[in-house]
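Look at the two complexes coming up: chain A is in both, with chain B in one and chain C in the other.
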Partner chain A sequence: MLSILLVVPLIGAALVAWWPGKTRSIASTVALAVIGWTVLLLTKFNLGEPGMQFVEDFTWIDSLGLSYKLGIDGLSLPLVALNSLLTWVAIYSSDEKVDRPRLYYSLILLLNAAVTGVFLAQDLLLFFISYELELVPLYLLIAIWGGQKRAYAATKFLIYTALSGALILAAFLGLAWLGGSNSFTYNPALAHALPLNQQFLLLGALLLGFGIKMPLFPFHTWLPDAHVEASTPISVLLAGVLLKLATYGILRFCVGLFPDAWQVAAPWLAGWAIISVLYGALMAIAQKDMKKMVAYSSVSHMGYILLAAAANTPLSFSAAMIQMVSHGLISAALFLSVGVVYQKAGTRDITILEGLLNPERGMPVIGSLMILGVMASAGIPGMVGFVAEFLIFRSTFPIFPIPTLLCMIGTGLTAVYYLLLINKAFFGRLSPQVQDLEAVTWRERYPAMILTGAIILFGFVPGWITRWSEPTILAMLQPPAIVATVATIPTLDLQP
Partner chain B sequence: MTFTTSRHPLAAYIDRFYNGQSFLPDNPDNVKEVVGILESYGYVLEAYQENLQHIADREFLTIFPFFKYFNHGVSSNQLLKHLAHDRINFEYAEYCMKVMLWHGGGKLEEYVESPDFRQLIELAIQAKIKGNPIIQLLHRLFPEFLPEQVRQSVYYNALGQFWEVMYALFLNLGKAYDQGKITTIPEVVGFIKAGLVAAAGNQIVYAVQIGGKSYDILPQSANLTFLMDVAVPYVEAVFFRGTPFLGTVSYNAQAGEIPFEQSAFTYGALYADPLPIGGSGIPPTLLMQDMRHYLPEYLHKMYQSSKRQENDLLVKICQSFQKSMYCVTSAAILGLAPHDLKTNDPQEQASNLAYFENWMDRFLTSQLRNIQG
Partner chain C sequence: MEHLLINTGWWIPCYGFLGALLTIPWVTRLVRRTGPRPAAYLNILMTVLAFIHGSLLFRQVWDHTPYHLVFNWLTVAGLELNLTFELSSVSVAAMESVTGLSLLAQLFALGYMEKDWALARFFALVGFFEGAMSAVAISNSLLVSYGLLELLTLSTYLLVGFWYAQPLVVKAARDAFLTKRAGDIILFAGVIALSSMAGSLDFNDLYDWCETTNISMLTKTLIGLALIAGPIGKCAQFPLHLWLDEAMEGPNPASILRNSVVVTGGAYILIKVHPILYLSPFVNDTLIVIGTVTAIGATLVSIAQVDIKRTISYSTSAYLGLVFISVGANWISFALFLLFAHAIAKALLFMSVGCVILTTNNQDVTEYGGLGKSMPATTIAYIVGTLAMTGVFPLGGFWAFQDGFKGFWVEYPWVIGVILLVNGLTTFNLTRVYGLVFLGKTQPKTRRAPEVPWPLALPMVFLTVFTLITPLIMSGFGLLPSLDDISLFQIGSISLSSLIGFAAGALLYFNPDRQPMKFPVLKVQKLLEKDFYTEDFYNNTIVWAISQLSRIIAWVDRYVVEGLVNSVGVATIFGSEGLKYGTSGQVQSYFFTITVGVGVLGLMVVWLFW
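Take a look at the complex of A and B:
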């Protein structure tokens, strides 16, 4: 059942590459088929089962210890669904006259398969292969269809993320070697048996690897460049899904494999989260390019996930999960809106843009969607961003009160930089440079509208996200003592 | 080319007048835009003036004129159309009337404040309220209330008379353009100026019928004329001071955007920003909504050839309308010039120059530079 999620986009990519004509329609149909299959998976998923479901396990290359083992649980299911949705959004929002459409759409589908592979892989080596495989299409998508400095941005992205992959591979190899295992099957018991200093070593490599990908300060510099140069649909995928590979990796491997070392490192990680949150937010305030501002906002918001992961409680893990989905939807919606602004106005510079909410000559619907997006990002109640941030702070405060308070300043700063953006670019009189804009079509509005709808929907019924992951998280954070401690902390009833 | 000795910041525009040009640059697009928009304005003015005169005549001293916009009787069908906003925005005409009433000017204002007027209208008031003890009591308790209502009716009527001339003028301008008789902006200005001059001496009179008897409100003896007593106050009120483009701009008093001296405040057609400011909720201008129904085909084509086509139709109409109002203002300035512009008399030349510089002072903060592109 899970292999379908990999096979369909792969076959789709091949079809798109070789089938003459109707490239976009085929890609779109394949993406919709993937969404359909994901929905089917959601209906079949057993909510009460904390472990892996729909497991598929075949030995692939015995001599390497590589097996084709797939599985899905509450940690990966929401992210698989997010990936399916955003892939379709990316295809739908792509320029109809994009150059080399066959290559373009097949790379997007290939990217979808690789990312799904990362979320489904239950073999460490298979995870690594998928993790590395995703680099190729994304590199090409930035390098070929990017902006003026696309070669620089794509190369920087490749170097950073290849280094991230190398560190992760080193950690996995080290784990198998130190644990004396011949296979790379995901096995928390293997790591638990290691001495604490060895656990630290391996955890350090994983943290660095995933820290680069998330990205966390000071390894973040590839992200703003990649976003600025990538086209809008690729930015949607990059922010919406690709960054989640790292946060997923942290929850699954760093916490899942090395809980003891994680417990010791947690206060330091909370400190790292503070730096990343505040640095990202302050950098966002200093930006003039709307896209760069959203990119730095991602750096800041990823820090919240690290803080939640460091707190290491069921509630904080649920909060981290909801923040992943929340950030995926919000950042995608923001990048889509920024993309429309750039396409119509020819600039993203907020010192040039002004008055874009103008009902007659501006882009009032896109402006309104942008405002809703920034409100969600800043944690305004009624939207999924509020639920995510509130849950993070609620769950981390009893564990790390000072870091939580400092991270809350980041939320305030989010409101500052986004209000600066909205105030400068959307309010006031249309600046002379942008008075002759082409009208925005409904087709260009739909993707951001759909995502904004989801942002509001999940803001009111956040349980529709957390219900999938709660049993998995509770089981993951065994021993029972931890669960019992956390059970005394009042929790929100997240069920709709 | 003639160049004046003026050092005024807008001296270039004074030179234009001396060279037979006007505020608006002469090119085929501007001619098409101005004539097309004035033609549609003509149709709208025809409806406005008819309604204004209907209110002045038929709703005279009606305390609650619920059906004042229904010139041709009230029916359920018309009522539904009205509520669904499938109609002409007669409110705009009333705004212009009220702006004139508030700003006053000319002999008309002097007359409606005179004892002669009070004496005359008292007869009409008494005839109207005869047999209505409640209104009689009201008149006794508040003796200024009904006369003020009559003053308002005077302005309804006067503006109606002014637009009765103007709508015909603008429709004729459209016809002349269609026949190829008008090809340049100076010809447009000349056509309007000729129309204004021809009607300049028209008497402005107003009488109402009450109980089968006619009551003078503005008698011939008041000697009120079209140009100086209605047209000039109208231009002053609506072009320079009034609120013609409702909702297109908002002023922030705390940011010092409103002059300390009320008399220096300008919000008229020549100053208004055609671009609506801010977000949703700003109503598009009523006049622009009305004019869009009567745009000639060539103007539609011209708008559709732009990048945004007719998505911003109201703004485009507003911009074209502003250009046309500068043509009307050019005609008015030329028509009111104290001396022939080709005079050789140094004193007359100096007088003319002072006259133009005085006008140009008022355009310093206007949209004059923005309509040149």
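Take a look at the complex of A and C:
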């Protein structure tokens, strides 16, 4: 059942590479098939069952302790669905005259398979292998189809992420070795027996690894470069799905494997989240390149997830899940709109662009979608961004009141930088440098429109996201009592 | 039928949203053949439906205990979020006023925006606006109210930025969004805190929680301050008042709604949360101080303005300041009276001003004059609006002010002084504008100004008549006190303050050779004209601080964070470049290196295990 999610894109990649005929249509058919299979999975998924479902377990290399074990639960299901959706969006929004289409589309499908593998893997080593495997296609996609400084950006991305992978591998090996296990099967009980300082060591390595990928300050500098150089569909995948590998890893492995150490480290992590949130937001204000602005806003918004993870309550985990999906949809929509602007106007510099909302010679629909996107990102109600932010702050406030309030400043700053973007690039008169734009076709609008539709839909019925993950999260965080809904909070007694 | 009406009460705001959605084909120009007008008609139709539905509902809820509608929005991990609405005679009446005023404003807009190519977009935004505002009226949950405030912030941004090609508009839209957003974020913090502590955001549950809670005074105060921050932004109170003045760059029909209804929405939420505010006396004092500062300051500023819309918009801030005082002093009925009277009178004034602007294509009061003869309907509307604003018996403002007498006489007698002062100065200001615009000699821009055509005149005349008969309707519902309860002193002092204002205004501005603006001290005039230099103050403090901070951080990112990473790379390259000279091919040096290495390792082993 689950292997098909991996096999279909892999076969698809092979077909795209060697089957004669229309590469693009094969690729999008395969992507649609993956979406179809995901939908089937959604219908078959048992909502009442908190544990792993559709488990497939085969021994692969016995001497290494590596087994091919797949499973899906509430934490991974929404992200798998997001991955399937965004892969199709990326293929659909790719330039029809892209160079070397066979390689390009097969790499995207390969990327899809690797990412799905990361979300499904129930064996630590298998997780690591997929996590590293995902690097290769993405590196090539940036390095071959990127902008002018693509080699620099791709290499930087490669080095950072390889380091992240090495740290994760070290932590997994250390866990198996110290825990005295002879296999790498995901086992939450393993770390319980370890002394706290060993747990810290392993957790630290994992955190660094995922912190690089997420990215958190000060390991974020690869992200803006990679985004700026990557082409639009790759940015969509990078921001929409790839960053979620790290947040998923934090929820699944950092909290799941080392709950005791996590509990102790949580206040420091909340502090780290504040820095990341505010730093990303302030960086975004200083940017002139639209893509960089969106990239830094990702740094800022991923910080919320760390805050929620640090709070470590069922509610905060549900909030983190919503924020992952919400950020995936919103940043993807924003990158798509920015991509259209770049394609038509030839620049993303907001000091040059002006008046793009112009109804006849500008791009009013893309502009409107952009406005909706930035408003969703800034947390305007009626869209999924608001639900995510509300739940995150609501869940973290009882535990970290001051960090929560500081992170809320980040939401305010989101409005500041995005408003600067809208005001400069979309309001005003068309600037003399950028005029006579080619008209935007409906084809180019659809992907962003679909995502915006989803953003609004989930803004109205957020339960459609939370319902998948709630049982798993409740079961996962059983021991610490449900803290989120107490009537009076002892921690918030702000005596003068 | 009864149940049906009650259960469908929440539809009424949806009509507005639906109208906005229906305009999409015209906004995106999928439909070009018909022009944008069908979008406008659809929206007006939706508003009419909302109005009719609302009036049927009003008959149902009148003299009835409030009905509550509860919808579960999200239940996750033990947190239950409900959307609740209250259908009471007050809330439904407020919703009716919103839809009614929105209907008039839309009819007015049909004439006012006739030549605008983006008519469909305007109506879409107004529909959205109306939906959000009428939902505020029936919302019974802080969550819903907060969400709607944010939607209003968004739609204000888009409506103010409607003519986005003009630089001033762009700046106004940005300021409108950011100042309100600043208030909203602080309010958001309050919402989050209340949700965590009280466990529910329904107003009824919050009121119960207030009775029993034992949180510390500081927490109470902080929550109270957070809760008033949102309304401060929305009602354009000091220090977040900047946006309303700039928002006058937007189209006039939207200004009608903004100045009458949107500000009222903010105040309405303030009234809804007032039991929570009373947990802390400091919050009430803050409300009173903010209200007083805004009421007096904004009235003074309005006198120094030359833009006709701004002369009137500042008085909106001033009147809402009085509402803030009354909430702070726990005398809610004055707030409700004043909000209602102000909403109608201000809408009328803005319609009249809109007609003047449209006919003359000019907003500068110094270039007007003599319009009274050529534009009778507009003039009458202006006069009626002024009378209803300024406490002239027996129109709306008077009833509000006399209620203030009742409420503040014992505990806050000085507030009555503030009310009379604001009333007097407002009368002076409106008289001044009247003199400058409608009296005196004609000027080039007003010489051949005709009366406005019927699409504009019809809603304006209708609202004029409605303003005149409002007191009758209200006494029909038994809402006005009987005349016996009102002392001659009250009537006398209110009338006297209006009269003094009028006389001063008439003296200065009714003679044909009047000077538009003349203050004895130029510096004072500048100070007021520039709104006490608030904008400069913001530019030099918070805006400057954030932009500098982001620059510094950008520098740090570039040179420190990146620099560290790059230096690792550089160190690696140099290290390996240096090491490569080790491969010299000389056996002696290899042997030497091995010997030294083995020696060091051996020493370490000895050291460690001896």
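Here is the rule we use: the second predicted complex is superposed on the first by the 479 of 496 C-alpha atoms of A that agree within 3 Å, B and C clash if a C-alpha of one lies under 4 Å from a C-alpha of the other, contacts with A are read in each partner's own complex, and residues count from 1 in each chain.
The working rule: contacts are C-beta pairs under 8 Å (C-beta built on N, C-alpha and C of every residue); 3 or more make two chains touch, one makes a residue touch a chain.
None of the values given here were measured: they were computed from a predicted structure.
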Exercise for the section: Return first, second, both or neither, reflecting whether A:P359 touches chain B, chain C, both chains, or no partner chain. Expected result: both
Practice task
Quick one: classify A:G428 as touching chain B (first), chain C (second), both or neither.
Solution key: both
Exercise for the section: Could you say whether A:G463 touches chain B, chain C, both of them, or neither, answering first, second, both or neither? Expected result: second
Practice task
See if chain A has more residues touched by chain B or by chain C, and give me that chain.
Solution key: C
Problem - Partner chain in contact with A:A191 - chain B first, chain C second, else both or neither - result: neither
Exercise for the section: Using the touch definition from the top, say if A:M408 reaches chain B (first), chain C (second), both or neither. Expected result: second
Practice task
Identify the partner contact of A:L109: answer first if only chain B is touched, second if only chain C is, both if each is, neither if none is.
Solution key: neither
Problem - Touching partner for A:L315 - first (chain B), second (chain C), both, neither - result: second
Problem - Contacts of A:L75 with chain B and chain C, given as first, second, both or neither - result: neither
Exercise for the section: Residue by residue on chain A, keep only those touching chain B in one complex and chain C in the other, then list them. Expected result: 355, 357-359, 364, 368, 426-429
Problem - Of chain A, residues touching chain C in the complex - result: 217-218, 221, 279, 282-283, 285-287, 313-315, 317-318, 355, 357-359, 364-365, 368, 371, 375, 378-382, 386-387, 390-391, 393-395, 397-398, 401, 404-405, 408-409, 411-413, 415-416, 419-420, 423, 426-429, 462-463, 466, 470, 473-474, 482, 484-489, 492-496
Problem - Footprint of chain A on chain B - complex, ascending - result: 273, 275-280, 282, 284, 306-309, 311-312, 314-315
Completion exercise
The residues of chain C that touch chain A in their complex are 28-29, 73-79, 117-118, 146-148, 150-151, 153-154, 158, 161, 164-165, 167, 169-171, 173-174, 177-178, 181-182, 185, 188-189, 192-193, 195-199, 213-219, 222, 546-547, 549-551, 553-554, 557, 561-562, 564-565
Fill in the blank from the handout: chain B partner, complex, touching residues on chain A are 355, 357-361, 364, 367-368, 426-430, 435-439
